[in-house]
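Before anything else, here is the set of structures, which you'll find just below.
You will see two complexes here that share chain A, one where it goes with chain B and one where it goes with chain C.
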Partner chain A sequence: MKSLTLTFRRFFRDDGHYLLLLSPLLIFVVAVAIYPLFFSFRISLFDYRLTDPNQTQTFVGLKNYIRAFSDTVVIDSLKTTLVYVLGTVTLELALGLGLAMLLSAETQIARVLRSFLIMPMAIPPLVVGLVWKALYNADFGVIPFYMKAIGLNVGRGPLAELKLAMPAVILVDLWQWTPLLMVIFLAGLKSLPTEPYEAAVVDGASRWQSFWFITLPLLKPTALVALLLRTMQSFKVFDTIYATTAGGPGSVTTVLNFHIYTVGMTFFDMGYAAALANILLVVIAVLSVIYIMVLERQQL
Partner chain B sequence: MRSKTLRMLLSLVLLAAFVAGIVGCAPATTEAPKTEEAKPAEVKPTEAKPAEEKPTEAPPAKPYEGVELTLASMTDQYVAAFRYLIPLFEEETGIKITMDELGYVDLYQKLTADFVGKTAQYDLMTVDIVWSGEYATNGYTLPLDDFMARDKEELQLDDIMPVAWTLGEYEGKHYAYPLAGYANVLNYRKDLLEAAGIKPPKTQEELLEAAKALTKDGQYGIALLGAKGSAVAQDYMAWVQQHGGSILDKDGKVAVNTPENVEILKFFGELFKYAPPGSTDYWWDQRETAFRDGMVAMMEGWSIARAGYENPEISKIVGKVDIEPAPVAEGMEPKYGFGGWGIGINASSDPEKQEAAWVFIKWLTSPEIQKEWIRHDGAPIRRSTLTDPDLNKEYPWFPKLLEAFEKGDGDYRPRIPEYSIIQDALGTYVNAYLVGQETAESALQKAQAQIEANIK
Partner chain C sequence: MMPIYWLLITAFKYGREAFAIPPKWFIFDFTLKNFIEALTTVKTPRFILNSVIITSGATLLSLILGVPAGYAIARSKSRLLNLSSYFFLLLLMVPPVAMLIPFYLIMRDVHLLGSYFAVILLDTVFDASFVVWMMRSYFADVPQEMEEAALVDGASHVGAFFKVALPLSTPGIVASALYVIIYSWNDFLFALMLTSPKTKTIPLGILASFSAVEIGWGRMAAMSIFAIIPAVIISLFLNKYFVRGLTMGATKG
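For the complex of A and B:
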């Protein structure tokens, strides 16, 4: 019996076996994440159009990338994406934290409200988009109906007015994803230690002070997770835009991912679409690194 | 020691992935596809021959019993006719057809993916008139000319309206068979026009005047398609046609930013002043809702929707509607926008399935079945259907439709391979003009620039 555990131990210490046991995961990661990444990098260096009847692929080097940075549509859509990300992420963080503070108490009402608030998350974004498109419709929609009833001028409707389209789309995102941040912050709040609060009460701190000087700093790791998660998701937004405005009116809600979709799935220009997608990937990666660095420095 | 081996192995795996990524989809040589391209033309006649003999050898009716076909259909009105007719066809021939109903954008994308991958998920597909050039150039759908030559007598080709052949014909060959012909017509509310003392507009200028006069008391003059994308692009192209403009120049090159087209765009924008405020967000279904709801007095649109206005379940304007062929600009020789759908056979499907699919097309477009097709919300392609006395009693607007078909123009939306690129650019920038983001000139200039950047 003793010798058996001994061989077992030796088996695991041995380098080769250790890797053998790791290999299923490695193969999985390579097949699912790394191979497609290399593939997309490869085709981004080619002039590769699916609609080309001869299916020729000519190597063009970095031409697709150069084209991307001289393409005004790309630059504009990058700006639009930034506005969308800033709008959704900051508002959702603030609202999510507020809701979490409001509903962290274990009362009957809080429990019921929490479960109701989580419902939007369970609906596919495409469906959410279609529902809101119907709600926003200037001539038949519910929202303009009540706006008109209180004497507001709805014009062409929220989704078709140049100034209103972006806020209207951000509102849809808020409705759907604020609850996620609420849940994350709730989890963070529940895991906070009680001692600092007790000490603060003894020292005569007000509730606002204990929120500002204890809760917020302690929630920083949670906030980092929430921020990263939502920033990345928000950068990749597609379904909501596709279902509500299709990037319109004009191009005021054409986010980068929607433009990539047009290039890839309408023009079937795969090389250029892959180059654009890689640019999006780099932007997200760089932002993530910056966030992590900033928040780690603050914690020290 | 341990970490060294680990690192080596990891880098090996990464290298393998890299190599696989680089080599994995090596550029196809130009030669191989060329032979493939030639194949359909060469092989099909020989494949067709045995089938040609079949009917004479074995008259028993069900030579393709048990063959299973898939059909991708646009969710236009005629999909109801498919739902009704397919079971009848299955009973008659023993061929089984599964239908997928898809929206316009989804249909185009799913089909393209299916064609490009040669996966033959769909054996039969409804083909929009504007896709014919692209499908032909890329060899996505099977040229039907051999089938048509073989079954000439049965098909009664002369009976099909000449303009209907634009539903799938490209450079002399037929890549889709006419399925549902639509004419661009002006639907108007008899009651509202009479009350205002306005005659149904015959010219574009009268149309604008009428739209102006009919916009009052919460009523709007005309319903238009303004939503970004194919909707606004196609409506604008319809107006270009009605004003005698063109998307292509004399040499067939794309030229959307001509002074004439700018003027037409301004006229189109002028009409939006007399359309419901939400119009710049209208897709086909919202435009229909606006008209059926009684909100607007006039609407230009495809003739296939006409029958629906008499259905009290979906329409509040039963008995109040009449149609005229869509008005053209003053002094222009009348020509009417023609559109609609053909039905094509996937070039990558099995030959046996292609034969069975052809049997379905023949059956569906035969004069007798066409009557049922019409009665279940289909659209006509045959002269005999349009002049049928029974149908004319049920659909009193058929003579006007016949007139629009006679002078139909199926090419006002260029049926060339680059169509989807043109449509996308116009879809973005015409909408941008309507909502005030661009001027008429800059909108068309940017559209032209985007088209040129994307056409190889």
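For the complex of A and C:
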């Protein structure tokens, strides 16, 4: 007991002033973030509908969670989410790496191109979604026009066709977020040592060989970090889906995040929405912990 | 680049030409009609003002809370405080919708729905977490000797932070501020649920402008031009800082 108070006293003597600098934020975060998250757990145990005029909250225990795992709409939206996440993240990794390799040179052109490529990331995702919605429009959209010109059948437009909607929204994501991976890979490339390449040149390796056997393995830590980061972000996509397809046609682009929004903010089924949101939260939290462990191990 | 170019030319086109098939990429009748409409018939100036209020509120608050916290975590030798940076990283990863549902109910109960304050608060949770994470790695790179010298000269720890460490870390603060500005300015989901018609931000204004009677793509494009101004400025003039924020935010700096 005595040693504990001693530790405490030492902590306040050595780090008290640091705690003082940290405390405003801690208080803020507990009030504005942690409390709502606990509150969210509480309402997820209730049957709570805002549409109910009496606003009754009936305690139902874990029923909302059990309902979630037997709800076919939720299972489907989970599958949709996985397709979306896998599609966007793998393609963005490959394209981002490609772009980084192409534009890593310190030439004027590469510099200009890089600064233009950053722009999509900074544009409001909602605007991105609306612009692509117009581009995809079956009547006046630019994309269906050129697709027709080369003899493709576009039907009611890429966003309205069951088979085309998912690739279409994935393309929007690629356009906006591939540059992020390019930026991360560029930083990774910059920090690579030069010796292995010099040795490879001496050994007579081709550029392709030195890319495949030196650059790729050395970039693996960067790629892992980028992969986890984008996976988490991709799970949380909302704005572009809202603006382009609103989850349709049918429900082929209804990702889990969008479905939660619909349950909570359109049907006002708060208890169930909170339960679904908490499930998503757990998925993301697990990914985050892996991400943190990777960061910690690599000391990037 | 094509979609941005499309947005740009559509903003300066008449309706019939915007939808011409085949598309008119280079030659069209130039008009400012869309911009005039955006500024007069729709309340674009109001939306922009709301966006500016919310963005600057959230940016200031998150810097005030986040920068000292990042400094404390970087300098403290206590393992507990060091590890708390991961707590903020975790917070940064929380799905917005998971925070929004309870927050919406709480704000409704305290009658703050539709106020600037509600959106600023929720934005700041994510913004400040980013600032901490970013500034922690930035301060770690700032040499401690000068602060120690200030301490020897009789300054307090808090004084050393304000007089010595803070001025040295301006580039880091600029980088995190830019990131936070973009995040708050571009936010749609929080504003969608927490604002009222009076406090609508620009992304919501754009959406409202053409879900009404007719679909005004030209006007939407003109309003979008206003909405992407920060993006353009940052990518063309301040991209060094922005890239720094992105890469440091993703890694440990």
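A few notes on this one:
The criterion applied here is as follows: the second predicted complex is superposed on the first by the 255 of 300 C-alpha atoms of A that agree within 3 Å, B and C clash if a C-alpha of one lies under 4 Å from a C-alpha of the other, contacts with A are read in each partner's own complex, and residues count from 1 in each chain.
The rule is simple: a contact is a pair of C-beta atoms (placed from the backbone, for glycine too) under 8 Å apart; a residue touches a chain by one contact, two chains touch by 3 or more.
What you see is a predicted model; the values in this text were computed from it and never measured.
When the shared chain is aligned, chain C comes close enough to touch A:Ala285, but chain B does not. When both complexes are overlaid on chain A, the residue A:Thr231 reaches neither chain B nor chain C. Judged by the touch definition given at the top, the superposed model places A:Thr56 against chain B, while chain C stays out of reach. When the two structures are aligned on the shared chain, A:Asn257 is found in touch with chain C, with no touch to chain B. By the touch criterion defined above, A:Phe39 reaches both chain B and chain C. When the shared chain is aligned, chain B comes close enough to touch A:Val154, but chain C does not. Residue contacts after overlaying the shared chain place A:Leu19 against chain B and chain C alike.
In the superposition on chain A, contact of A:Met265 is made with both chain B and chain C.
Of the two partner chains placed by the overlay, chain B and chain C both lie in contact with A:Phe140.
Touched residues of chain A, counted separately for chain B and chain C, are more numerous for C.
In the three-chain superposition model, chain A touches both chain B and chain C at residues 15, 18-19, 26, 35, 37, 39, 43, 139-140, 265.
Chain A meets chain B in the complex at residues 15-16, 18-19, 26, 30, 34-35, 37-39, 41-43, 46, 49-59, 71, 73, 137-141, 144, 154-157, 159-162, 245-252, 254, 262, 265-269. Taken together, the chain C residues at the contact with chain A in this complex read 1, 3-4, 6-7, 10, 18-23, 64-66, 68-69, 71-73, 75-78, 80-81, 84, 86, 88-91, 93-99, 101-106, 121-122, 124-125, 128-129, 132, 156-158, 161, 182, 185-186, 188-189, 193, 202-203, 206-207, 217, 220, 224, 227-228, 230-232, 234-236, 239, 242-243, 246-247, 250-253. Listing the residues of chain A that touch chain C in their complex gives 11, 14-15, 17-22, 24-26, 28-29, 32-33, 35-37, 39-40, 43, 114-116, 118-128, 130-132, 134-135, 139-140, 142, 145, 175, 180, 183-184, 187, 222, 225-226, 229, 232, 235-236, 238-239, 242-243, 257, 260-261, 264-265, 270, 273-274, 277-278, 280-281, 284-285, 287-289, 291-292, 295, 299-300. Taken together, the chain B residues at the contact with chain A in this complex read 1-2, 5-6, 9-10, 13-14, 16-18, 20-22, 24-25, 27-28, 30, 33-34, 37, 109, 112, 116, 134, 137-139, 226-229, 276-281, 286, 289-290, 293, 295, 417, 420-421, 424, 428-429, 431-432, 434-438, 450, 453-454, 456.
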